[in-house]
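What follows is a pair of complexes built around chain A, which joins chain B in one and chain C in the other.
Showing the complex of A and B:
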């Protein structure tokens, strides 16, 4: 099903989603800034995405449609780490979740002036059409000069139109499974990697990421005129327990042999540029010539990004 | 002035030097009048009994390039001489700098007719005056690229600012008519707007309380929609010069006049406003809300009930065919915010006619100079649409 029809269906059925409720509040400034930064990252990765709300978690999902160039994203966070108040009621008791389609850039803009806000309230409303109403309560700009003002707050409301995804489509947005990768490796310092990729982007549309189980990674581009390779060493390989609980079966494999995938350089650059803060952990899993799976962990947020290999 | 137009009109008068600009669609006009006292020396020139004082226009960019870097100008320039030499066809700007250096710029000018939009601030039904800072900090919440903003009044004397979202009508080509001006310029064809995609457009709204203003005298339920981009220029000037800004407005379609005043400077920005000629006639059941109800005074604690009021106030049983935020004529102040039903759709609606909106141009006919009360004349539309609705 193409993106366009999802939107249309969502808008028409939005009216019947009257049972759904969502309201949340952030009061802590650090949490608010953290949340803003996350939304800014999501906005740089997706023009439109799905926001999935459950009782405990929020998910930002971008599914691998052709429109996205095949890249997909799964971002997950625990609401308790950000919100001081969080209440939701899904479409039905046994399906206590809400799926909304929205433009994250709108949310990013709504939160832009909230750096020193007293509180931010988010609520799902359905006046003319489903919206996320973001109400930012700021200290009144003149309050320090004019304490006699009737109100010490300035409230700015932003109504962000959303599309409600009907339950029958929820299957389109399931969590992608970790692929059966050939190599898993920690990424180099993202800032360095970003600088390298940005310069390579000027020379080529595609980049080859190759890595082995000895902590070595190469980024390669090759054109008619020039080929450039940047080598990274001693990156380390994350230990993944295999299904039977034993150490990875890669033990018997040649640790030096490189696994590679050729991907769209713009997608990689976009991912690296979107990170506003250095993640706590950053790694990627490569399936030889198939897909590269990035996992970026910030304090309380996990972001997975899949870039398929170009045939 | 450069935010408004590409040409700078210079008009020396007995009451000072007037600098003016008008935008290409002639729907925005600004004038800065510097009194003689502003200058160290001011000679408007001699006008004979038959002749008028000479006036001209120059390219804005050429003029601005002389004053390109303010910090370095402040450090090095002692005096600036502006000299209009009609017979030499040159506007001379001479910067007397440190160390005996004199920089002389000769700008070519074009003679021109008097540029004067017709407006009368005193005859406007509503006035607001606020420190520039209040408005500047309100406007910052709107994206820099936002074209139009709606200023409205709500219950409890509150003033709202809201980004304007075009309806999904699509049939009508919305235009902004030109402001009336003196002289015989042929009116340029009105410029149609490009419609933003309404279903994806975020609506931002904020409320200002009466006590944030220095003075408030507004007709209840009034609202106007004007170009924010052109207003921002004046707002930064007002903020920089720390002057309070006065806004005079009337019905939708009548121009909005922004003024700044101090002892040696009088500034006016006149912008055309959007007129609602008819209600949206797609179907009587289309959404009938123009404003979110104003939050009660106790903002912080009452946000919950305010937001609850949002949810319950839509009483219509029929679903709107498309998700839009339409600009409706607002309720009179007496009616409760909750009762926003669709009956207002019928007001002034002509069944069967397609929705049609345009910026009404000003009345013309009276000759006006800023600062003097003018004559009120009947409204006349200068920019007619091709369908000949009128």
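Showing the complex of A and C:
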């Protein structure tokens, strides 16, 4: 029943006698819907992932294990933008964080009932094993019959099993650094990109993404039967401040020459299909024949997704 | 071999070269005959014919006449090649199948000749996709030798009358039996499935009947799995003509009106199922 991959004794033996605590509440419907949409996106990108809780932020982390096909994800949001109440106490005073392993699809399902909820409360519990208890407060169905009970509600509770990640393993989940990329370029309209990639997925298992510093990007597939190339122009290249001059390799470089990476097309299609709303900003950084680093910004949420190149 | 995003100048001598403002005019018709991966394309001055066959019993043809295209030129008398139709359709619909009203994908098609791939240039919203699809030696196609002088029975029906019937055909039946007669039941579709037999009759004076020319009572059976794909063509069409010849060969001709109101045709030919004796009929 409990799918925690980490021993549940880690939860009880905090080591210093401090018990981990987490409780949060969302009352605002718009925030709730936004949060649900985010969880739906995460669920489409990862079967299992790490939820890291700090005083100010929430992180959804997928590390680049072979099981994930090498793709990794780092999603970050400020709790203040979503939660009306947020209290957290980590494993210890000087490590005031909590790392949980969970199946985001479980969280997504729990939030499905919250479309028109009055409030959602999330709490870390440990009755039989560590769980995130999601309590969705809904309007009582008999509200119209008994106006005097207008404040009554019914509560739907979901217990989502989680695994507590012990302190010694936290280093496995550090924020990935922005790679020393060869090209950075804004993505085309995601809907168009998604449609094209979906069709290309029928034709090939691998796709080449290439781009240059003149705002041009090509998506290419090639098999024995067919080759297809889609050309995007005038995308624009984001300006990156050169801190120590390492990114200024752009100067003196041929603006037209293409940087490319060949990646698993399913991973790219998954990323594009997971987006439920158009991001405010969407760009990718390509390290020639090594890795493609996607950055998608949705107002209060930043999502980074890394897809390694096929050797 | 590398190729640029620009379509070649029309001065170049291509065996087949065509332009179409709305690729859907081609892709929707091809979908109506897409029941096998491979198809044979024949281009002549009159237009494009795409043929799909199965089991040496059934043949479907989609006709897109030259007038549908904004430009259509064939250098020799005819150009013929075999091509993967699934791949062709994925390429024609590379920008997706449901686009906003008012937007369409523009298409340019070029074929250099025997041994060369088919090149497609598709454009929508300023984004260009270039496709290069390998072609093969065309197979010999079946000739049903079906001409109007050999037709025994013929009816023309409005498609809406048949759509539901075909969509709900009892697929547990091995055959679809078609009866056409100058007398009752005039036009009857029958299936013999696990739950029993089902008969659907269309009287000759029905509103849906546009033409009724039956000279002889004929009952023929056709493998239902072979005819089922014709439902796609039926769904697109406004009218269908059903004809049989003396051997019981079936011709279904579908009249399809595209988004611009232009008429195109799709036809299906099917051999009667021979695993039955006279006594059973």
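The definition used in the following text is that the second predicted complex is superposed on the first by the 280 of 311 C-alpha atoms of A that agree within 3 Å, B and C clash if a C-alpha of one lies under 4 Å from a C-alpha of the other, contacts with A are read in each partner's own complex, and residues count from 1 in each chain.
The rule we apply is simple: a residue touches a chain if its C-beta (ideal position, glycine included) is under 8 Å from a C-beta of that chain, and two chains touch if they have at least 3 such contacts.
None of the values given here were measured: they were computed from a predicted structure.
Engineer: In the superposed model built on chain A, check whether chain B and chain C fit or clash.
Structural biologist: fit
Engineer: Determine, for the superposed model, which of the two partners chain B and chain C contacts more residues of chain A.
Structural biologist: So, of the two partners, B touches more residues of chain A.
Engineer: Answer with first, second, both or neither: which of chain B and chain C does A:289 touch in the superposed model?
Structural biologist: neither
Engineer: Regarding the shared-chain residue A:167, is it in contact with chain B (first), chain C (second), both, or neither?
Structural biologist: neither
Engineer: Looking at A:123 after the superposition, I want to know if it touches chain B, chain C, both of them or none. Which is it: first, second, both, neither?
Structural biologist: A:123: touches chain B, not chain C.
Engineer: Once both structures sit on chain A, report the angle chain B, chain A, chain C from C-alpha centres, rounded to the nearest 10 degrees.
Structural biologist: The C-alpha centres give an angle of about 70 degrees at chain A.
Engineer: Could you look at A:266 and tell me whether it touches chain B, chain C, both or neither (first, second, both, neither)?
Structural biologist: In the superposition, A:266 touches no partner, neither chain B nor chain C.
Engineer: Is A:57 contacted by the first partner chain B, the second partner chain C, both or neither?
Structural biologist: Touch partners of A:57: none, neither chain B nor chain C.
Engineer: If you stack the two complexes on chain A, which partner ends up touching A:158: first (chain B), second (chain C), both, or neither?
Structural biologist: first
Engineer: For the combined overlay, can you note the least CA distance between chain B and chain C, rounded to whole Å?
Structural biologist: In this superposition, no C-alpha atom of chain B lies closer than 5 Å to one of chain C.
Engineer: Taking the stated contact definition, name every residue in chain A that is touched by chain B in one complex and by chain C in the other, in rising order.
Structural biologist: Overlap of chain B and chain C footprints on chain A: empty.
Engineer: Show which residues of chain B lie in contact with chain A when the two form their complex.
Structural biologist: The contact residues of chain B facing chain A are 131, 133-134, 137-138, 140-141, 143, 199-207, 209-212, 287, 289, 292, 295, 297-300, 303, 307, 310-311, 313-314, 319-320, 323-325.
Engineer: Touching residues of chain A toward chain B in the complex: what are they?
Structural biologist: Interface residues on the chain A side: 11, 14-15, 23, 103, 106, 109-110, 113, 118-119, 121, 123, 125-130, 133, 135, 137, 140-142, 146, 148-161.
Engineer: What residues on chain A touch chain C, complex-wise?
Structural biologist: 188-189, 192, 195-196, 198-200, 202-203, 224-234
Engineer: So in the complex, the part of chain C that touches chain A is made up of which residues?
Structural biologist: 5, 84, 86-87, 90-91, 93-96, 124-134
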